[in-house]
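Each of the next two complexes has chain A plus one other chain: chain B in the first, chain C in the second.
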Partner chain A sequence: MTSMKGFFRGRAKIQPIWVFVIALFIFFSVMSEYFLSFGNISNILVQTSTIGLIALGMTFVMINGNIDLSVGAILGLSASLAVGLQAISMTLAILAALVSGILLGALNGFVVWKTGVNAFIVTLGAMLGVRGLIFLYTGEQSFFAMNFAFADFGTSTIGPVPVLAIIFLICALIMHLVLTRTSHGRNTFAVGGNPEASIDAGIRLGRHMMINFIIVGFFAALAGVLLASQMGAATPNLGRDYELWVITAVVLGGTKLTGGYGSIVGTLGGVLAIGILRNGMNLMQVPAFYVLVILGAILISVLIIDKKLNAPSAKEVRI
Partner chain B sequence: MNASSPQSRQPIDAAPILELKGITKRFPGVVALNNVDFDVRPGEVHALLGENGAGKSTLMKVLAGKHQANEGKIILGGQEMAFENPKHAKRAGVVLIHQEQSLVSEMTVAENIFLGSLPRKSFNRVDWRKLREDTNKILERLKCGFQHDDLVGSLSIAKKQMVEIGRALAFTPQVVVFDEPTASLTDHEKPVLYDVINSLCEQGVGIVYISHRMDEIFHLSHRISVLRDGEYTGTVNTADTNEDEITRMMIGRSLTLDHASKPTDFGDNMLEVRHLSVKRVFEDVSFNVRKGEIVGMYGLVGAGRSEVAETIFGLRKPSAGDVVLDGEVVNFRNSHDAVMSGVALVPEDRKDQGLILGMNCRDNMTLASLSSVSSLGFMTSAKEREVYDKYHQAMKIKTPSWRQKVGNLSGGNQQKIVIGKWLHTQPKLLILDEPTRGIDVGSKSEIHTLVKDLAKSGYAVLVISSEMPEVLGLSNRIIAMYDGRVTAEFDGDNVSEDALVQAITGMGKQAQAS
Partner chain C sequence: MASTEQTKVVVPLGKLSKAGVLSFLSAQGILIFFLIGMFVFSFFSEQFLSQSNIMTVVRQASIIGIIAVGVTVVIIGGNLDLSVGSMLSFSTVLVVDLHDKIGPTNAILLMFALTLMIGAVNGFLIGFLRLNSLIVTLAMLSAIQGFVLIYSGGQNVDIANQENTWFAFFGRGFVGGIAVPVLMFGLLAILIQVVMSYTGYGRRIFAVGGNPMAAVYSGIRKNWCVFSTYLISAFCVACAALVLGSRVMGSQNNVGQGYELLVLAGIILGGTSLLGGAGSIWKTVIGVLILGFIQNGLLLMGYPYYIQWIVTWVIIILAVWLDLANKRKRLFTSHS
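Presenting the complex of A and B:
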């Protein structure tokens, strides 16, 4: 058995974001009498599970040195499929939704790999195109879930714990292990850290890139299904701006946009930081627009602090 | 006085233009420099030597204002200075020319030379005419074959370096520091640099010259100072010393290339390259490497040597010819297949191609053989440590721990990690491209010994190098390349340096070097 310390050591040191998360937690516990309760905490986990699930996949893509802007659109398409196809079969609808995410991820990855066009551009195109597909498919209509099992699932609990929170935490654990313990995880870091050296070491770049795009595509689709289930409906605009929230969470968690560095533990912190802030300020009845301003300011300040903390001081001493 | 010949480098008798006295620089936990003295006289080349980590770079950073000394004085032209930053030092007349070039490749030569100090006229507009005139004045001093409006990106590495020197001249410097200026130059391009340095000397500029290459130092310098482990070990006049003495000062022992210890037992052909060509890069290259043999590939940069290696390794697609490994035609389509079949390539550029600088030592070591330390895709920490410890000990890699980022290691230790990474893949063929570039003398000889031991234990080794002593000291056979073709093959123990130089510079052409 691995000790707890060894388990959390992972690749990166304890992320500064966790200090921030704890500070926020204490702050809101003091400021609002409603914050510190089991119900509210599980509420936060449910609220963040959608962005959180996608962020898990995005962490892989970003460590790999890429980015995926199409996740919001994939989420929207998946949600529409999961609800829209229920007339035929519930299982088929969910399967189709998940497969659509996997295929779109694979397509993103394949184009980036084979053409060498920057992932930002490729997935920007995918973001526009997939959103167009949603409108084509739905005819600008919202779909409502007729299947009660589906609509109930998103709000169900096991014991006192919401199912969505459990799914999110289990996925986070699995992805943490994949990232830190498997050769795919290691190679993801290597390719992001130095693609040329990775080629020299015989690592198949394209394969790992594609797998990571598939992972994020799958998680976006899964998040779409769960979100539709939670709302009992799917709207064509579902998932707009989600890519920005996801990237914000991942970057807050210490993953570098340039690749080669990051962790699931950090991403979890980033996701929770956003979730706690939104929830806490909501409880304190801060108007929603201020919440956005504050989140933006926090994103930038956290990165400035991170930069100061990790200034190259050890570099001067060469062994 | 016209161009001074290498033999007559008598020390220049003049009051120093720059003096460093009792410089001490401490970093947390380390004394990088301890009470170091150094001076430069106008019109002289003062070479600064020392192994990697001896403190040369730190001393020069103190001099150029990048670091501030904890103790000691910097006296420039009789005045005590306290440089707060590099800009301050530059204005005062001390310029450092970096190992890594820092040019903007999309800009012209003139814009690069005056980057950050473009001449202005009213309303802050750039004075293009003055820029052109000033640049031409500088280019005249450099006597180099490019124009003020050439794009820097289109120039060769040697010419880029000239631009870098031109940038230094724009500050009308009194002291210019060259840090390993020839590291990326071919033997062919070096004389151009030497000419520039000599003409700077004639104009009364003091030169500090940092290099690992003895031949250059003896060719260029008037005096030599040596640092060892942050301590100053002394200054000698170049005319009164020899390589042995300098080596002893540097590492505390003398060191000679041991020709006798070359491998002697060869088996069957491991690698056979048959009429291999890549269009417009190299043509009709054929040679073989036997088990237990070291074959040296010697030639100028641009002769196509690295490209041949990359083609064998599957990184380039050949337009004709075959690669035969262990009796089988392989013609790898990508590096993955090459690695799986037992080919290892230690690339020319450690930092860009060989290592993931942000990763720790252990992870870099196992990178090419993750399947050997994992089961069902999951890695086993203990096995990884075992692999790391094995090569860490076998190659005497100096790191405080396996968690150390490789970016923080010295060049020699980095190279050992790259070699260790490949040894663990248990290759049949080991290709080393410039294995000791930019590595200090001590580690260099360790790596040479290692390569010879590997060949003796049965590896087939192909060494690509631009350094003649290295090729001569290692190889059983030498393949000379010029302009994309193999021009000659020599017996490594019976070859004259003249013949080698002729073979790599095109046959008829007479070597011009001393």
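Presenting the complex of A and C:
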């Protein structure tokens, strides 16, 4: 979704999702007396940090013109490894969890690069296969963290701010800078916008794709470790359906599925919109089921609004 | 894409040159893979090729298969349908819940009507408003799941008097020694394959999926074509819900979750391109059966249940990769 045309004159661009986030924020502040408090706001940040971290990486992959459906499974595997290997060594467990995410991301990226198979298919396969790996590794058991330092980390705070929220915001800032200020970020846009032209311009398309898959793999694994420390446990089904939430957040944030357009700021808005919606409706005692329906409705409305705001592209044929 | 596949297999029988044999092999790779797989499994397990085992596998695969037949039409038309899993749980919960309340006939009719209505919503958003099918059906996946949970109040539903209802026919019945689910799967597959290859309507779907702009310029009403593919997909889901509800005689409210991915895996394995404009129903049938036989064969050989997912992972990528490599005449992509 491009900037809302004519919303602000001049060069100032505002992403529609942030208008929506602010509207939601005001709405729930009025409707619920508990919503507008420091505790609740930082709570929202902690709740969204898992999906948010993955969404940061997914933004890169989607701007690049690919998609990654295997993030939920990678999250599950890294969470299981982070808790399951603690009996041996804490450092080893966390390291193994993060490396597993990086390796699986690299594998996805390498296969997409070398074989030319559509990323949708490659990661769909990985989503099934990695979930299979989790069940084989865990033997269908849930693991509980025996190390209290690990379980405490997820709930700890620096001053009044939860650590998870800080990690999420710092990662968002770093990824924003990588996307806007580095050649990798620029090339990611170029490859997503027009792969053939970027090859002709000498951009090493395959490498950039692979780096982006590694990034999303790493963030999925990081989210898995943090989620496990938040819960002090890991179940083999952890992270199921997360890919859907993450893609929803990124699309809400205005990143185009066709590639070549998107931003971390938008994704942050998308993640917050979902987080505020879930949190606010909980506070208003709406059953959790309704969130699913409302989320679907919002996603479709965003698409329709996007279609109306942006003039139909030349590619499309009107009848 | 469809035309290259057709030219490949046009080899006059009796005059099979070496090149002809090779191109036949590459065009029918999935069938050959299927036969080799069956041979390997039967080598390792005695029960594998027994008639009862084969019938069991086909029966188990029939629900995924019925849905996959419908989704294949959507994919040939150049779109995706991820909402079929949620739709299946919606339709199953609905038909099972209404069975005791308004009688089986009314329940089935109402379920078909409502499922087709969801299909129509999908079709309207994607066909007429021309929204991205991946995101729309993703949104519908979540919305329908929400509806199911609201409708059922998070409870599982079941049919009270399971012995005395003809509703059991669809899931448990036999006609002439063949299980009804298998029969429905076969009939639907044949019907839709005939429609896709021998009618003007089928040709128009291929045209729309292959090159939408050219299709519109040659006077095809693209919007209606896309709309209709989602009705077909919804109809197939309703049939699958009939089988599932009747076989289980009850329904969890999350039944069908993740089916959309198994369905896609079967279709991809069969060799239908996700880009649209190419593919066939019988390929999908074989793809779904391969998934079923892999699952069954690995279990019979004594491997853990979850190995099949890892094997599916490898096979899906290999199948699509070899197909691509064959088309571009080289194994790896050329860019760095």
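By our rule, the second predicted complex is superposed on the first by the 298 of 319 C-alpha atoms of A that agree within 3 Å, B and C clash if a C-alpha of one lies under 4 Å from a C-alpha of the other, contacts with A are read in each partner's own complex, and residues count from 1 in each chain.
Rule of thumb we're sticking to: contacts are C-beta pairs under 8 Å (C-beta built on N, C-alpha and C of every residue); 3 or more make two chains touch, one makes a residue touch a chain.
Predicted model only: the values in this text are computed from it and were never measured.
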**Message:** Taking the superposition on A as described, I'd like to know which of chain B and chain C A:F289 touches: first, second, both or neither.
**Reply:** second
**Request:** With the two complexes superposed on chain A, say which partner A:R204 touches: chain B (first), chain C (second), both, or neither.
**Result:** both
**Message:** Touch test for A:H184: chain B only (first), chain C only (second), both, or neither?
**Reply:** first
**Message:** In this superposition, which partner touches a larger number of chain A residues, chain B or chain C?
**Reply:** C
**Prompt:** In the superposed arrangement, does A:V251 touch chain B (first), chain C (second), both or neither?
**Reply:** second
**Message:** On the A-aligned overlay, A:G193 touches which partner chain: chain B = first, chain C = second, or both, or neither?
**Reply:** first
**Request:** Name the residues of chain A shared by its contacts with chain B and its contacts with chain C.
**Result:** 199, 204, 315-317, 319
**Complete:** chain A contacts chain B in the complex at 181-184, 186-187, 189-190, 193-194, 196-204, 260-261, 313-319
**Prompt:** If you look only at chain A, which of its residues touch chain C in the complex?
**Reply:** 69, 111, 113-118, 120-122, 124-133, 135-136, 199, 204-207, 240, 244, 247-248, 251, 257, 287, 289-297, 299-300, 303-304, 307, 315-317, 319
**Request:** In the complex, go through chain C and note every residue touching chain A.
**Result:** 125, 129-132, 134-136, 138-147, 149-150, 154, 212-213, 216-217, 221-223, 258, 261, 264-265, 268, 274, 304-310, 312-314, 316-317, 320-321, 324-325, 328, 332-333, 335-336
**Message:** Quick check on the complex: what are the chain B residues that touch chain A?
**Reply:** 27-30, 32, 52-53, 67, 315, 334-336, 338-340, 345, 347, 352-359, 363, 367-368, 370-371, 374, 377-379, 398-400, 404, 407-410, 413, 421
